[in-house]
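Next, two complexes with chain A in common: one pairs it with chain B, the other with chain C.
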Partner chain A sequence: MSSPAPSSAFPVSPAPRGGLVRELALIAAGLVLLSFVIRIHWMADFAVFFILVLSFDLLYGYMGHLSFGHMLYFGAGAYGAALWLVYGNASALIALGVGMAVAAAMAALWGGIVLRTHGASFALINMAFNEIGHFLVQSPLAAYTLGEDGLSCSADPLFGVISLHEDRWAFVFTGSMLLAVYALLRVLTRSPFGILVRSIRENESRVQFLGYDTFRFKWVTFVIASTIAALAGALFTLVQGFVSPRVISPFGNVDVIFAVLIGGAGHLGGALIGAAVFLAIKNFLPVMIPELSRWLDVKLPQWELWLGIVLLVIVFSLRGGIVGTLRARWRKSRAVEAGA
Partner chain B sequence: MIQTVVYGLTIGAILYFFSVGLALTFGTMHIINFAHGMVYTLGVYLFITFLQALGESFLLALVASLLAMLPVAWVIERFVIRRLYGESLDYAIIATYGVLLIGTDAIKMIWGTTPHPVNDPIGIALPLAGMDLPLYRVGIVLSAFALYGALRAFFKRSLVGKVVVAALEDAEGVRCLGIDVNRHFSIIFVLGSALAVLGGVLYAPISTADPYMGFHILLLAFAVVIVGGMGNLNGTFLAALALGMVMAVTGRFWSQAANAMVFVVMALVILLRPREAH
Partner chain C sequence: MADLITTSALTKRFHGLTAVQAVDFHVREGETTGVIGPNGSGKTTLFHLLSGFFPPTAGEIRFCGEPITALPPHRRVALGIARTFQLVSVFSSLTVWENAVLAVLRIQPEGAAPARFFLRSCRHPAVLERCAEALERVGLTAQASLPVAELSYGDKRMLEIGITLALRPRLLLLDEPLAGLSDHEIARVVKLIGEIRRQFTVVIIEHKISKILELVERLSVMNEGRLICEGSPAEVLSDPRVRECYWGKEAPAC
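Right, the complex of A and B next:
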């Protein structure tokens, strides 16, 4: 069975009240700070990726189901929204709803099938569905999706004034969506429902012995995680105004899995930190390395090699990711103080 | 028609060469080994380099690349795979994927990203029913059958083979008999890697070598291992040939759908099979 991190890292007791507001303020402040560091043009893309990573953390970190096919639902959201904008009308909010509804329906249907498997089979059957979805938009549905060429679309400004093609508004809109998703997931994961989902990760048979129909809980969680991924996909479409089969490519799954693991699976804040670190590796190393190699006058490898090394380090000496490791260290130092 | 069958069997044969190692690693150690794709790709690139250095002798370059890859496979086993034994599935995936990324990037750095074509080493085509059938493809199919026979004999007769078959059933039980299971797993890992390199080299003349070739065959090989029954050696052979045929037949009528159809079959198999233990 796959259990991403030691269970002791996640206390079941609820956090003190007011914690949620503080955390949301912290995230908002972090986003604003980040927007000063990097070009604001990128911020909407970053926020979309953050949402996607949060949705995957629910499925993998909290429920313990590693999927290699989460991009199917991101892609379904992106294509659902894009197809509505092109063939329906130009309303951004309806497009968002359509993208999410399409993905939710798919997840409801496929979830009933894929959740009958565990472990490696679950990871790979999701990959199979993702591959099939990728193929569908590329070839049989090419009459509507225009295949490899991709589909351009644009939405009317929200409420007549907020144009999502303006970087600043796009950032504000996707950023507030991110805060909403974070709040939703935080409430959900701390609710009795969330505790049950985490119990399924730890030991599904025991939860069944307690009389719960674990399949139903897994199915609901799967649909929620997929729908949030679709929200990220639909936001991507609205902000970019363009989708191509790359948004539904199974290779994208790896990025999401690694972002969650770098930060620490099963912890929403960890997922966000991991996503930020991953984006830093992915976006800044390819820019920095050519300059560094020109400066040092040696040929340096591209970013993939460094990401590979980071992954090996995580597996062999930083279990639990950044957040998990820091927590363990903090707990240890507190225990030492208490002992002294 | 015959051409389609031979093409399907060729793809199936290559998938078999590649999947044996994957199935053995999964069956014995419960590790989904992404690094297998890197071993495959690196082997082919070394082969191309040796081919130029050793005067275009296909066999000589093949042997040289196999020998060169043995220590690489051993290092991966010793320093990555062995440390993952008994770990959860996802950590093994991530670590081996890290190895795949490092290898792919190193290959891009050393050899560049442009695809390298390789010449057909036999270059004779059999005229058959009004069509030309490359003798080389027939050779690949025959060698896969030979490999199947050899592996059967190996696992039935040799001591190492017997230990591994027992460990596929119950690794802990074998360990309790006082047998150093790790050493046997290590031998099997290197053997599986060598077979992947062999498959890659055999496939190179009818495809082209590019740094991401390992990623593509990995996805298909996962399907083979799942359909064949995760560590079932006979099943892997049958599944590889069957999925090769699925690709060839689909490709004949609808070339873009060839890969997707493999995954449709894989999904169906997972659904229709009784629930597995892990």
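Right, the complex of A and C next:
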């Protein structure tokens, strides 16, 4: 039976059909265009970073929980997949599933603890867990992880033909996973669950007085965000064929936080744009600056300074990040037009 | 009429301060009750205790005869206790209709299905229909697509009442619904309360006593954490204890 349509006087219309397909097509087109501009060897790494940033945006941008320990789940996914490939079998898909399952189980357990804290305590207790994970793979578990030396691993080709060690196939597979993650998060964030998560960000106590057990929904969000981060980590392992403690280092959180802040927290498109801008700064400036220095015959500062300048500009003039600021300006101009 | 909610010896202490002291309070089903008293008399603390904002230090709360003293707020909402706040509490980062979504889905069958709650668009026609109903009731249909931050304070108050009503409560607790409103906005809210009191059991905390006298069947007066007087508005307002707590002791006649 079809649902009744809201009154014609109600100024909110049902979601237009095809929006998700258009956005996925746009992202796919962007990735393909990017693959012509930069070396395709980098594209799988970029797609992995995009997935990681999207997962962090769900946790921080949408739910307002800033974590300094998100790399724990990226690392759990990466090491889970690598250990399966080395000590289990060489199936890429099973390794992917094992990496995600390990991280999901960890998030389900730790989530019950860390989500009882808020604000700075939440950020720091997550970092503490991240540090513990970093230490575990370096030393107590070194017999399996080979500690600082890292662990080499190799997966059989997917379906017997698709080798993830080939740049083109690695790009296609990780790009497809990125599209799947984007689709899942878009559906989730535009559902009543998405509104609930945004409401928790603003006033968790008030949400309880609407009849919702906020702790349960925060836990679900934390587990989803962590599992997606683990997917990114497992993909990293499959593509690189190597993991080291660097993948679980808490320092990696800084890159993810910068990317979300640059693009605009709480907007999936903003997370992708922020990740792209961050990668451009991080990967191209170190190459461009020496070239530019030679061309101008002036010694220019290192790329980290330019990243700092970009962040200062965003903090002071684009407080909602690139997408957040553009949306705010668009809304303002619409309001002015409506008032005129 | 049977009692919908009762408290016995309800007490709340904050370190050295006793905000609510041994209060025996009851609300009959279908009745509209006003709770009045000077600033700091414990009215809002009583609401916080009834709604589960914090637990009492001592005493018991029963709803429909069942003890609810230890229940968290969301469980009390499920039983039918909903409230508004002294300072308007709506979600400013959301639009008006998005504020209504969570309330209407809380009591809708489609909201109870986890898959739909997680995976169906909140702009599904069935959801929008419910939001439209909730907002129409408080006269906010035209503003539905606006961010809440752009609403006037009076409209925010109407929205808060609207989303609370959308929970279809058995007991509605309104904490100073007229505070901070202009005369025009007060008239709107008083008219709305006049309409809804026929459908819900309502308890109102209010300082503007004259505005709610026609709405309430019973008044309860609190002073220094104690419930000092209960009865019809006429009885209560002529009670010397009430006059004393508002205007002090009358000078003895010469």
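FYI, the second predicted complex is superposed on the first by the 325 of 340 C-alpha atoms of A that agree within 3 Å, B and C clash if a C-alpha of one lies under 4 Å from a C-alpha of the other, contacts with A are read in each partner's own complex, and residues count from 1 in each chain.
The working rule: a residue touches a chain if its C-beta (ideal position, glycine included) is under 8 Å from a C-beta of that chain, and two chains touch if they have at least 3 such contacts.
None of the values given here were measured: they were computed from a predicted structure.
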By the touch definition at the top of the document, which applies to A:Phe316: first (chain B), second (chain C), both, or neither?
first
Is A:Leu26 contacted by the first partner chain B, the second partner chain C, both or neither?
neither
Check the residue A:Ser139 against both partner chains and state whether it touches chain B (first), chain C (second), both, or neither.
first
Considering only the touch criterion stated at the top, classify A:Glu131 as touching first (chain B), second (chain C), both, or neither.
first
After superposition on the shared chain, which partner residues are touched by A:Val287: those of chain B (first), chain C (second), both, or neither?
neither
Which residues would you name on chain A as touching chain B in one complex and chain C in the other?
3-4
Show me the residue ranges of chain C that touch chain A in the complex, using the header's touch definition.
51, 53, 72-74, 77-78, 82-83, 85, 89-95, 97-98, 101-103, 105-106, 111, 116-129, 131-132, 135-136, 141-142, 144-145, 147, 150, 163, 167
Quick one: which bits of chain A touch chain C in the complex? Just the residue numbers, please.
3-7, 9-15, 187-188, 190-196, 198-199, 201-203, 205-214, 331, 335
Residues on chain B engaged by chain A in the complex (per definition of touch):
26, 30, 32, 80, 83-84, 88-91, 93-95, 97-102, 104-106, 108-109, 215, 219, 222-223, 226, 230, 256-257, 259-260, 263-264, 266-267, 270-271, 275-276, 278
Using the touch definition from the top, list the residues of chain A that touch chain B in their complex.
1-4, 60, 66, 113, 116-121, 123-125, 127-129, 131-132, 135-136, 138-140, 250-251, 254, 257-258, 261, 299, 301-302, 304-305, 307-312, 314-316, 319
